[in-house]
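As structure tokens, here come the structures.
Shared between the two complexes below is chain A, which has chain B as its partner in the first and chain C in the second.
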Partner chain A sequence: MNVAVAKPNRANKLKSTRIAGGLVNDYWNMVWRAKAEGKLICWYEGSAINPFLQAADICWVHGEAYSAMLAARHQEGPAQQAAEDRGYMKELCSYARTHLGCAISNQRNRNDTDTGVSNAPDDSDLASKLPPPDMIISAYAYCSTGQQWDEMTSRVFGKKIPIFNVSIPWIWGSKKDARYLHGREWEESSKYVARQLMDMVKFIEERTGKPYPWDRLREMMGQVKRASELRLEAMDMCTARPAPASFFDWVVSIAPINNLPVGPEIVSYFQTVRDEVAARVGAGEGAVPKEKYRLFFDGIMNWNKVGWLAEKFAAYDAAVVVGRYTHMAFWQEPDLIKASDPVLGMAQNYLICPNNHSAPILIDLIMDLCRKYEVDGMVIHASRTCRAFTNPQFLIADAATKRLGIQTSMFEGDVTDESFYKDELLNSRVEAMLESIDARRMVAA
Partner chain B sequence: MKSFVMGIDFGSTTAKTVILDLKGRVVASNVSHMGAVSGDGLKASIAGALEEAGLSQADVGRVVSTGYGRRMIDVADKNFTEITCHARGAVAMTPDARLVIDIGGQDSKVIAVDSNGLVAQFAMNDRCAAGTGKFLEVLARAMEIKLEDMGAIALQAEETLKISSMCATFAETEVISLLAEGKTKPNVLGAVHAAIASRTLGLIGRVGKKGPVVMTGGVAKNPAAVHHIQLALGMPVILPKDPQTAGALGAALLALDDYRAEHKKELALAEDDDVDQLMGVARNCAPGCKGVADAVAKLAPTVEAPPPSKANSLWKRVQSHI
Partner chain C sequence: MDVLPDLTGAPVERGPDREMNVETDRILARLAACATDPLGYARAWKQTTGRPVIGSFPMNFPGELAHAAGALPLILQESSDPITYGHGLLFPFYCGYTRSMVDQAAKGDLSGLDAIMFGDHCVQLLGAADAIRMQLPNTRVIFFQLISSMCDPWTLGRSIESFGELKAELEEFMERPIEDEALHASVRLFNRNRQLLRKLYDMRESGALALSATQMQHAVKSSMIMDKAEHTELIEALLADVELHPRPRPEGLRLHLSGHFCQAPKPEILDMIEGCGAIIVGDDLYHGFRYISTDVNPEGDPVAALAQWYMARNTGVPCPTRVQNNVDWDEYLLKAISREKAQGMIVLMAKFCEPHMYYYPEVKEAFERRGVPHLLIETEHESMALEGLKTRVETFIEIVKRREAA
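The block that comes next holds the complex of A and B.
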């Protein structure tokens, strides 16, 4: 392979995903106005409990989403600096560090408490614009940092913010009857989380002082289910060659399924995306103009590098067609959701966060995706401050090599702290993997 | 048609150049030390190799580059990563090798190669420089000894100490602390080299331990590093004669493949004796290299045009070789 390409091919991104940008802006503007409009505000991390909150007219702020938004806009620096000034070290989850920095910046500007922060950003900065919470709900699968993050947030606000914890147990999958979505452990864990969600609803009722609007939740979960079905249908169409959409298109589409307001808009969004993908399949149009390689992406997104990475892989004629982060998360099992009685299905979707499975189940799922999308290789992003996602990656790489005979390549980066990313390391590793694929193809020819 | 090809490994601290003739024989090689990815070092290396071969750049038909600075070389026709080139070069130097350990100035890598000499799996150090040539350079400076003397001094160690830090900078701090405690330089250096071996073993674990093992890169010239890696591995490590030039040799072999494929008709018309020798090279890529040869051989049937009629008998002989 000669990588000294004069004019590298550009990523042919889905046009329909541009709509997501407008939806995202509308949502954050709503969040920034919420306090002035007298709304209760809930901060939460991890699981997508936002429909529970939205139904009760509570403004919801997903911590990772806010940090990711700052990183995607390259405005994460002031928040991260504020957190580090407060003593939160660089090795702490950068989602948490960025979000805590927002809390600290907000408090500093409000002069509510002495945080000891120096050089915090001013009011015009997005970090300090994040409205403070009236409640915190912690519902994090797999991530031990999540609950501590919420405790730290509460401390920043003077320990005056009530916290409700939902315990989402790890799925061990070690019993004889244990399979994906199957077995006694699965049934018991599902009911255990569902019971807690019912308690969470009581907590919400206490905060709002109103009976919980179940009909509204049912209606919204019907919309989530439909949006998810359309999203998965569009993803499935990417088994076509060339793949009509890439992992990076699905990254851009995370917010609409994960934390934007539930309503007809998200159904319409995924219908539009699905239709564009179908049209591309019909026209033989690929997400990468000259698809030569098909790759699996393991790891969370580098939110400061979404466009950058999309262009980089396109320049290599590599279509990243599928990923753990995009294809194994975010209401990925809509069939579990009964719109008429949605709580159990919601609990189950929270349980199957891709990191919440034991390695054998997780790896089987990933290998199935690799086969389904006929990938030639796997690129692995080891997120420096999210070891929960990174922990099984050597096992995944080993399985990919031994079971599928495909090459893997690992690079280090991070979710929102770009200082952990070094371009040359990724270049060398990806190019070496692609050269290896080329050599094997030549031998096989 | 030209008679020579060139491989250049423009690394982080040295530039290496290898020139081959079209039979895959090394006619010249050069290693030039320099600052970080230095243009002067590169020029010196290329000029040194050309001078040794008695050639000018115009005599070279194809140039392939590798290393950190591989994209910066104007004379290069193509570039490949260090992984591909080191695997190719190491297997050419040691045909039976199944695991290549390459520790260079800025990174360390472990490459598993299959029976065809192709890259089966690889692992590289993360951004941290621990366990690389740079790591040794930093510590040599801290201990006020010459880099080239480190290995011999380390082998005099009598006490087992431990350097635990993964970071070159913190390791320097650890070394200074140990010296301040009165530990001897040989004992401290023994610990430094054991730490390198430990890091290397971690990379080997990611691709799977297998043998025979060959070691390339500048650190392969350090006897203490080799000693401790052998201890950690529990198996011998094969050292090629000139381990620093493995990447440049691999690049030169890729240039040879490319140039020969482009000129296969002219090569097929060569004299019988020469063809015999050429096919011997093609089967083996470079003297003694069996694996990559198969890749080259399997490419040969893709020739579209039939051989010239007068060379039919010769073509049959060629086919019998491949």
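The block that comes next holds the complex of A and C.
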């Protein structure tokens, strides 16, 4: 007997985000060519200091972005294996493990000169293809892993690469005047980071041997500010029902705001995205065709699973409309950036990465987002090796239940190590949450 | 034959000299009791003195400040209790120390503390800080973030600022100023305590002291808990007694113990290692030499002196939780082992300890390059399969012996 099986509903992804794929490819091709073109290369992690580097004609490589790119292309294996071979354990941040694996592969290729064969990496070996750094800048908010990862990178390269550390304090927020972007602690931390950024510029000048091009930085930060405003405007439009774009569309749009070259292209990109979102709102077109549930996504992305998860939630008619990772990060406070004098505003944006406020402030912000986007539930990705994200998750879940009365569901995964992801656990837990939402609706009706 | 009591815990023949070590036994029992029940000690101290107890997290809180303010500084310890409530606040893939601390807070065990101080930069500790603050709404939880990048031009200045802010917050909490004179006195007392403990270390290294690794841990760990004057008196008395009745320490393969930062290694592991035929002659454990390695300058501006101490101790005994490009933990360890005439090293790594996991490959490669044998043991808060570990340690010891005999 033939049984007709209904096709699951598919995610209706934004068309404009396809442009991001091309921009990302162009950027990495630029990175891979950089050495041959005689450019200085800087490796960095965490905060988006890339405008400082780009302005000085230094090629920038964001460690997480490289690891994420490898994972998204399912090519993270060789780098992670190289790291494991050296003794880095699986419980370490998989971003760091993957990136350190690239450093190790790179060193192995450069130093393994007695084999009688060419040491040039195979063009498809993306781990080895990453050009080695001429300098390292560490500017990591909240997570101790960032500085330690950079330090170990420096040691993998024999401590021969100049390294500069920017220390970004955590906002503990225990004083009476402490609120989001407010209070003595906030003001002092902002100035402290800004002072270090000025010293970082001196470090850059020493590397390039040229005076720092402040005018170029100012122009670029004007473009970052505009791109950010457009991005936030488009996100805001997703309060509409059905939501015209999903969390996964915003994940795809992280690279353009976070680490792609700053210029008119990123402004144009977010203008296009914004216009498509506006058009969808006008047409009543949703990112999930039959939007039945609206969810908040807490946690960092599973980079091996972006498309997979987008389809999975769409198949449940669940629109993941908002998330901590996408909506609370990446130049998310453009009003703080003064294009004519951008350093303080840059420092402040580095200070408000989604983890760098302690739980009371962070939870208030998340609850506000849940209310704004009228979510029915919260799905929490407990990323096994990213404790920066998992730290407050039980507190967030508790607050969501007690303050908003919404259901939460947790699943375990990881940023770039697919082996921690358990599909069946996610299925059963999300299904249970959605059934619970249904039951509540029935009672309310 | 008269054999003096063996302080390693091995069976002893009792003879006429037994009374000679009654005092030593009494002191060691007192230190062990405090080390195994830190919160019980703190409760009793508070009841007796009527003064506040300030709990702190490892590893760089300057107890001198709280002491000078009239409080008991207590470094909070991992509990041996199974984790229950804590599972609802932190994931199981966190180190045993952070999970245990959150669990103790959730169970109400920390309710006798008047304040808790966090001062370190480890992402898991930050998670614990948030969870604990939420669990203890009526306890002052103070966070001061020490710069962890140790060789920047501004490291000293920033450290002075951080210690200054901590002092101001303590003064506000205690509602009294911390005078320089009082702080200098506390520094002198703490220095004296560290010096005495280092003397124990020297004696162990030279073979003049027959304390087991667990007993050495109790000596240091109790210093993190007890009233410093009381502890100092006990260590003075212990030194006097063991110097009066010197005994050769047992024979065995000389090993250095490395690792374990925030939490003390479980005594059963230490006993197991020594039971396999090793003697521990040195360590860089936090509940060991790392804690007592460096003194504070007792003169001049005491806040600046604390900042200098913070920097100096990382140069003296490098710590993977800090980043300092111009010092190498692996080189430090190789030098320590050479000085101690250790024949190998056992690395104790607390499961999920990220700083240690980052640095371990550096140590591993350096030791392999020099041909110094070492064994990595990953430890857990929950019970471990000791028999399996024992087989690994026995094999390691056998390999080292055979290699030396070859």
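Brief remarks follow.
Here is the rule we use: the second predicted complex is superposed on the first by the 427 of 445 C-alpha atoms of A that agree within 3 Å, B and C clash if a C-alpha of one lies under 4 Å from a C-alpha of the other, contacts with A are read in each partner's own complex, and residues count from 1 in each chain.
Simple rule for what comes next: contacts are C-beta pairs under 8 Å (C-beta built on N, C-alpha and C of every residue); 3 or more make two chains touch, one makes a residue touch a chain.
Because the structure is a prediction, the values reported are computed rather than measured.
Shared-chain residue A:Lys159: touches chain C; no touch with chain B.
Touching more residues of chain A than its counterpart among chain B and chain C is C.
Applying the stated contact rule after C-alpha superposition, one finds that A:Tyr88 touches chain C and leaves chain B untouched. In the superposition on chain A, contact of A:Pro169 is made with chain C only, not with chain B. After overlaying the two complexes on the shared chain, residue contacts for A:Ser340 are found with neither chain B nor chain C. Once the two complexes are overlaid on the shared chain, A:Phe394 sits against chain B and chain C alike.
Once the two complexes are overlaid on chain A, the chain A residues touched by chain B in the first and by chain C in the second are 382, 394. Interface of chain A with chain B (complex): residues 1-4, 382, 394, 397, 401, 407-410, 412, 420, 422, 424-425, 428-429, 431-432, 435-436, 439-440, 442-443, 445.
Interface residues of chain A, counted against chain C in their complex, comprise 86-89, 91-93, 96, 138, 142-145, 147-152, 154-155, 159, 163, 165, 167, 169-170, 172, 174, 192, 196, 199, 358-359, 382, 384, 387-388, 390-395.
Residues 68, 71, 76-84, 116, 118-124, 126-127, 206, 294-295, 298-299, 302 of chain B are the ones that touch chain A when the two sit in their complex. Of all residues in chain C, those touching chain A in their complex are 88-91, 93-94, 121-124, 126-127, 129-131, 133-134, 141-143, 145, 147-149, 152-154, 158, 320-321, 323, 325, 351-352, 354-355, 357-362, 364-365.
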